[in-house]
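Step one of this worksheet: look at the structure below.
Letters A, B, C and D mark the chains in the order given here, with residues in each chain numbered from 1 onward.
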Amino acid sequence: MEIIFIIGSYILASLTIILFRRQRNIAKVTSVVVSIFAFIESMKVALKVASTGAYSFMFFSIDSLGAIMMLIIAVIGIVTTIYSLQYFIQEKAKNIIGSTRIKQYFVLLSLFFSAMFLAVTSNSPILSWIAIEGTTLSTAFLISLYNKSSAIEAAWKYLIINSIGLLLGFFGTLLYFIPVTSLLENGGLITWQVLATNAVHLDPLISKIAFIFVLIGYGTKVGLVPMHTWKPSAYTKAPTPLGALLSGALLPVAFTIILRFKLITDTTIGPIFGQNLLIGFGLISIVFVSFVILALNNYKRLLAYSSIENAGMITLGFGFGKAGIMAALLHTIYHSLVKSSLFLSSGNILLKYHSARLKDVRGVMKVLPLTAICFTIGFLAITGTPPFGMFLTKILIMTAGIKNYPIVSVIILLSTALLFIGFFKHTSAMIFGEKPEGVQSGEISIWLVIPQILLLGIFIILSFYIPPFLQKLLNDVAVSFP
Amino acid sequence: MNMIILIPLFSPLCIGIIKKIKAIFQNRIGASIFQPYRDLWKLFHKDEVISRDASWIFKFAPFIIFAVTLVAGANLNGDILLIIYTLAIGTFFLALAGMDTGSAFGGFGSSREMTVSALAEGGFIFSLLTISNINLASHGQSFLPGILAFAGFFIVLLAETARFPFDNPATHLELTMIHESMILEYSGKRLALMEWASFNKFLIFCFLGANLFFNFGFAFIPIIIFAFCFAVGFIESTMAKFRFFRLPDLLIISFIFNVVAIGLMF
Amino acid sequence: MNILTLQYLLGVIFLTVVFSNIAKKKSASIIGYGVQSMVVTILIFDSYLKTGNLSLLFIVLLTFVVKVILAPLFSLRLMKQHQVVFSAPTYLNTPLTFIIIATLTAVAHSQKFYPLTTIIPAHQSLLALALSLILISFFLIVNRKGALSQIIGVLTFENSIVIFGLFAGLEQSVALQIGIIFDIFVWIIISTVFISMIYKHFGSLDVTSMIDLRD
Amino acid sequence: MINLIIIFLIGAFGSLILQRDDRLANIWSNSLAIIGALWGLIFSITNFLYRTNSTFIIGKNTLPILSLSLKIDQLSTFFIFIISLITLFSSIYALDYVKHYFKKYNIGALGFFFHLFIVGMLLVVTSSNGIFFLIAWEIMSVASYFLVIYDRNDLKNVQAGFTYLVMTHIGTVFIIIAFLIMYRFTGSFDFDAIKSGSLSIPQLMKNVIFILALIGFGTKAGIVPFHIWLPVAHPAAPSHVSALMSGVMIKTGIYMMIRIFLDLMQPVPVWWGLLILIIGSISSLLGVLFALTEHDIKKLLAYHSIENIGIILLGLGSSLTFTSLNMPGLALLSLTASLFHTLNHATFKSLLFMGAGAVIKETHTRNMEEYGGLIRYMPQTALFFLVGSMAISALPPFNGFFSEWLTYQALFQGIFTLDSTIKWIFIFATGSLAFTGGLALACFVKAFGATFLARSRSEEKHQIKEAPLSLRIGMGGLSLLTLILGIFSGKIITFAQKNVHLSSSVSAPNFFLSFLVIILAVILIARYLINKNQKEIVSGTWDCGTTLGPRMEITATGFARSIILIFKGILKPTIQHDIEYHDSENRYLPKSKLVTLKVQDIHHSYFYQPLKQIINIISFKIKRTQSGITNAYILYIFIALIVALFFIL
């Protein structure tokens, strides 16, 4: 039941904001209230699923994977909404953006959340496809929020590439449906369970082709390398809170759909085929990004490429199977938390320095001390330096991989080292050095730093102690995958 | 223990003999072989002039260097590394004393001295190593390595005691002098001690060479030492002093002699 | 409708897609798209006649209204309104496009995709043609430079997927129908809002001017 | 052991809390460090005497592979002893030294990272699980990175920190690969499991693990090909930290090499030891040569750390060769030699770094050319620095000589007992050790002479005063320690020779006594007996008539010029003369002449520079794929689809 409340409340929020356009901060209040409500609901769902296992009703079926994703979306959702309140006040103060645009932002944001929740919990592939299409639409308009030519260009590219990807995904889903429709005549909605049960009738070759189409289709949404081209420009031109949401929440959601289809293909032709494909894409993404990062000159693109690399690492984790799956899930959670905190800190830097180019940003430690510390901790965590959890998950993925893909693991380790150098070069150039004279030092407002500290706090707690219910959810997912 | 007395007693004598031999080769009579004793006595009783810039190292170095030669003399038949590194203390303080007065000559003297002694160290250690273990030679033939080791040792002797091809003890020409330039600033009893220390060092080397290379017995040692003095005097009067940058090649040759000696021996 | 007429109709669609690939004038490709969607509505109407499923009738009407009438008219009006230059440039010259289209059709009919095209053995040739349609329309998007022709390309791509679904025996399935409806809905929004935005900012619908967002 | 770590953690977080008030934070962090160090000393000494080996597990852990398990055996106790010893002296030193950072930087952060650094080191030497070791290893590196860039106003330090962390990270990647291969064959990361399962690892894989571990730990220890970060990073850190880093941190690399090569991978082929021997000799030779070319005092000391690491590797390499030729007696001798030299190097290297720190604190520059005549203003620091330089150039009464003497004995035994090619490698190693000894002596005469003796080379030296009290206590304690370790090294030497008869042995105490007695005798005789009535007149140095300006003295570059020209094959020196004339027309009246002698670091210009260029070229080429054209992006997806379909079907 809770899921209906969540989606319903989001749609309701967007309607209220549209209707009561007059009141001054109706948008802010409603969106914060709704995101808190959604967090409580998804926590309840997670606890319920942890205790009683997957359950489904009407159009929704929530399994442990879905519950974890809901938790991620809810946590990132609350933090970004709180951040965007203060962020837009500052932007309005510098009259970069008008108040109508801010209202549009909150409307689209709640639509975006409802679409993501639907995508993760829907019980039929077509419904998830429509939900993902919905996210593409809402984010396309969000990217073009600033109404500058570059924002429009980024939105256009985002739109064209993602809709082609989704059409490929649609074709892939259709291929999965072909043998199934002939069986049940009543024409009811085909759910994941129906697909899974008679996956065995699926012709092996068709399921292979279907999985390729789905992987490349939804892979565009996740941003694996050949299909990643929209990501850097979209993240740079979008408002910062949206960047955090895109990489923190949308990436895992799109990835869950690939995983669900992989489950079906695994039952028909065994896991090896799916795993090899995932490893292939993961490897290309990590190696490609580790070279590109060295030559970047914009710190937002740096974060975009880093999320491509982490997407590659997660695909790799699922590709290696066994211990790798648990590690990849943990890696997804850690990555969402740390990447969104990095994005929010980069938002602060953008507000202060008014330019995203690395050349203009110097001496952040002097100008924004707290943000600099959050950014450094985030940088150390995201590149997998040990004291933090992501090092552990990286090692676990490697241990899963070393058994039968030794060369791949060695290449990955070397390219992560190269990635560390690239990322570190830019971060140390930004953090240290003399403060440019035009910038006056001092944190903009405490509300712009609390969200990052909150995210990093959760991350550090999770990297040392995993609560039992989350542990149970992770085990269920790890068990369900070959 | 008797070496502590014998070495300082007879070292000026050897230097006197060398000077006498050189004089004979230049067919002049030259001073008597006991002249060094008189010089030392004279220097001990003269006043001293100490530079304003010098620190306690300059004042205290002569005592350490002299004492080092005595200590080295004391455990001559002890461990070879100990002897080498005790003499190295002497060189260390000699070079520091040279630099302490802040005059250009002292600085360059210690820089050249350290270059020479750094390169000679390899040859020195290896030659003593071969000789002290010559009886352990596994596959018998120990004559050729002995010769090579002795040649290497003799070159090191000339280098360490600042004799001819490396440094001309008689000259004060700032372009060539190494040992003399370091003790340029000294006078009075400190100069005496420094001179005496270098005499002792020479005698220690001759004694080492004699004792290790020709084990005929204790009685023959004075004769062999005399032979050493004669050889040194002979070289000083027939050979020209090498240019400074050809010295490393000579020292590397001595090092290679010793390495080949060890290679052959075991 | 026996196989022969189906083949004949599919041949018409194939020609329209090839034509929109080559046509110099943009209006030609829009008219081509109109004809294509007309044939698709006929096909869905035929499957409605066969099965008598009411929802199919609803979809027939919807596609007819939107794809056959609204979309072409709207695009033509858009072109007139913005005096968009007539010629729709492509990256490759015509002979090369022909060669690629030929290779793609050969690939679609090849042994590689054999299992895909024999889902329903009777429709083997139809499915093969539909698959080649998909590949060609994908290539159309890549080849065209104008924003409007790219949208036309994406819509043809969507049409070919629908055709493949129909021939692969998915007429009945609710999924296909929802998919079609939602797709139409999405593309109405995109074409109306985005095209005007691009035009306002870039002065022309030529995509090649949008290249300043690079690393 | 756990309470030792807790003390340091309290120190770390305490100094963070107190960061508002500089003085309090400084006192808190240093006093905590001193208490922790004393506790560590007591712990290690009791552990050493009673031969207790203890293992701990800290808390249960949710993840399967990682178990926070510590195992303390004699080797780790020895290293805990070194760490706590040097931490004790460097924190005493830091009490006054950190005062000159007071207004500039956040002292709380310095205390926090200092304590984290020590905790990292303690965990590294005691952890017995691969992943726990890697976590401790990286905590140590990251904490020391923040210490290196502590003085961040000077951009060179930030650049030094960058090179340091990048090199350490590359080293860690090699170590991770090595551990992964071990995990693959033995199925777990725990050292005991690896040790018992090490027989199942095929020989080829063992060699691969050896090479990877050598590169990984060699980068941390600073052996020659991977040493470029050491002369850059150590000088950048505050002096008490660089003392700790070069005294102790690089030894953790040695500790892990011993742990893996001598303990885990035991049946070991001969060529491993020989390779370490060769690397050791090359590192020691090149280390000392580059040290000679330096005129930045802290860089000179950093290069000497490379040289001493080379000497330690000689001991380690010979012990590895002897174990593989199963001569346990000699193996024990050479291992004790290398461990004794690790202890000695820790003491005299931190002493020298502290001395350098005191000098830099007063003169505010690291360039030796601007020093000179400091012995008049800082007599005690000069004395301690003299003791340090005598110890490092292995002059007898101090501890440096006795550990080098043991290494020599090990190498001599190698020459006498082994045969054919192995003998010639041992001869090459002994030769390089001999030359390193000589060149080190020359280098430290230059360092001490140029800094302390004669007149000051730059005018404004009047306001220099002696180093504050706590600095002198720190340095005094360490110099006393070098002397005591030297004199009482007899026990260690007899322990080393217990089952091998050496042709000669040296007993330190009677050498020292005889040395003292003779010096006193000479002074008595010379000063009071012979010329009690001579006067000592003080007047200027002989100046052949010209006025004796600072230009007359020899400079550090001048001193080393002859040696550099002799070794110009390796060092490739380039001499540059900048002459300034009174008036530009006639060339005969130069106003001033500046000679700069630059040495080309062959590793940098022939290995690291080209590597960097290649990576940059590749990354720029790949970046161009993001060309901005939408059609190109769609083309990538199209190609990906076609390739995937063809490749998979």
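Assume contacts are C-beta pairs under 8 Å (C-beta built on N, C-alpha and C of every residue); 3 or more make two chains touch, one makes a residue touch a chain.
From a predicted model like this one, the values you see are computed outputs, not experimental measurements.
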item: Winner on C-beta contact pairs when C-D is weighed against B-D; value: B-D
item: Chain B and chain C, separation of their C-alpha mean positions in angstrom; value: 100
item: Distance between the centres, which are taken as Cα means, of chain D and chain C, whole angstrom; value: 70
item: Averaged-CA centre spacing for the pair chain D and chain B, given as whole angstrom; value: 35
item: Computed distance of Cα centres, chain C from chain A, in Å; value: 31
item: Two or more partner chains touched - positions in chain A; value: 156-157, 160, 164, 205, 209, 232, 292, 295-296
item: Residue numbers of chain C (touch at least two other chains); value: 138, 141, 150, 207, 210, 212-213, 215
item: Set of chain D residues in contact with two or more other chains; value: 623, 626, 630, 634, 641, 645, 649
item: Pairwise chain contacts under the document criterion; value: A-C, A-D, B-D, C-D
item: Contact footprint of chain B on chain D as seen in their complex; value: 373, 375-376, 379, 382, 386, 390, 393-396, 401, 405, 408, 412, 415-416, 419, 423-424, 427, 430-431, 434-435, 437-439, 441-442, 445-446, 448-450, 452-455, 503-506, 511, 514-515, 518-519, 521-523, 526-527, 530-531, 534-543, 548, 552-554, 558-563, 565-566
item: Contact footprint of chain A on chain C as seen in their complex; value: 53, 113, 115-116, 119, 134, 138, 141, 147, 150, 154, 157-158, 161, 164-165, 168-170, 172-176, 178-179, 182-183, 186, 189-190, 193-194, 197-198, 201-202, 207, 210, 212-213, 215
item: Residue ranges of chain D in contact with chain C within the complex; value: 623, 626-631, 634-635, 638, 641, 645-646, 649
item: List of chain A residues in touch with chain D within their complex; value: 156-157, 160-161, 164-165, 168, 205, 208-209, 212-213, 215-216, 220, 226-227, 229-230, 232, 273, 277, 288, 291-296, 323, 365, 380, 385-387, 391-392, 395-396, 398-399, 402-403, 406, 409-410, 413-414, 416-418, 420-422, 424-425, 428, 432-433, 465-466, 471
item: Contact set on chain D toward chain A in their complex; value: 62-66, 131, 134-135, 137-139, 142, 149, 152, 155, 158, 161-162, 165-166, 169-170, 173, 176-177, 180-181, 183-184, 615-616, 618-620, 622-623, 626, 630, 632-634, 636-637, 639-641, 644-645, 648-649
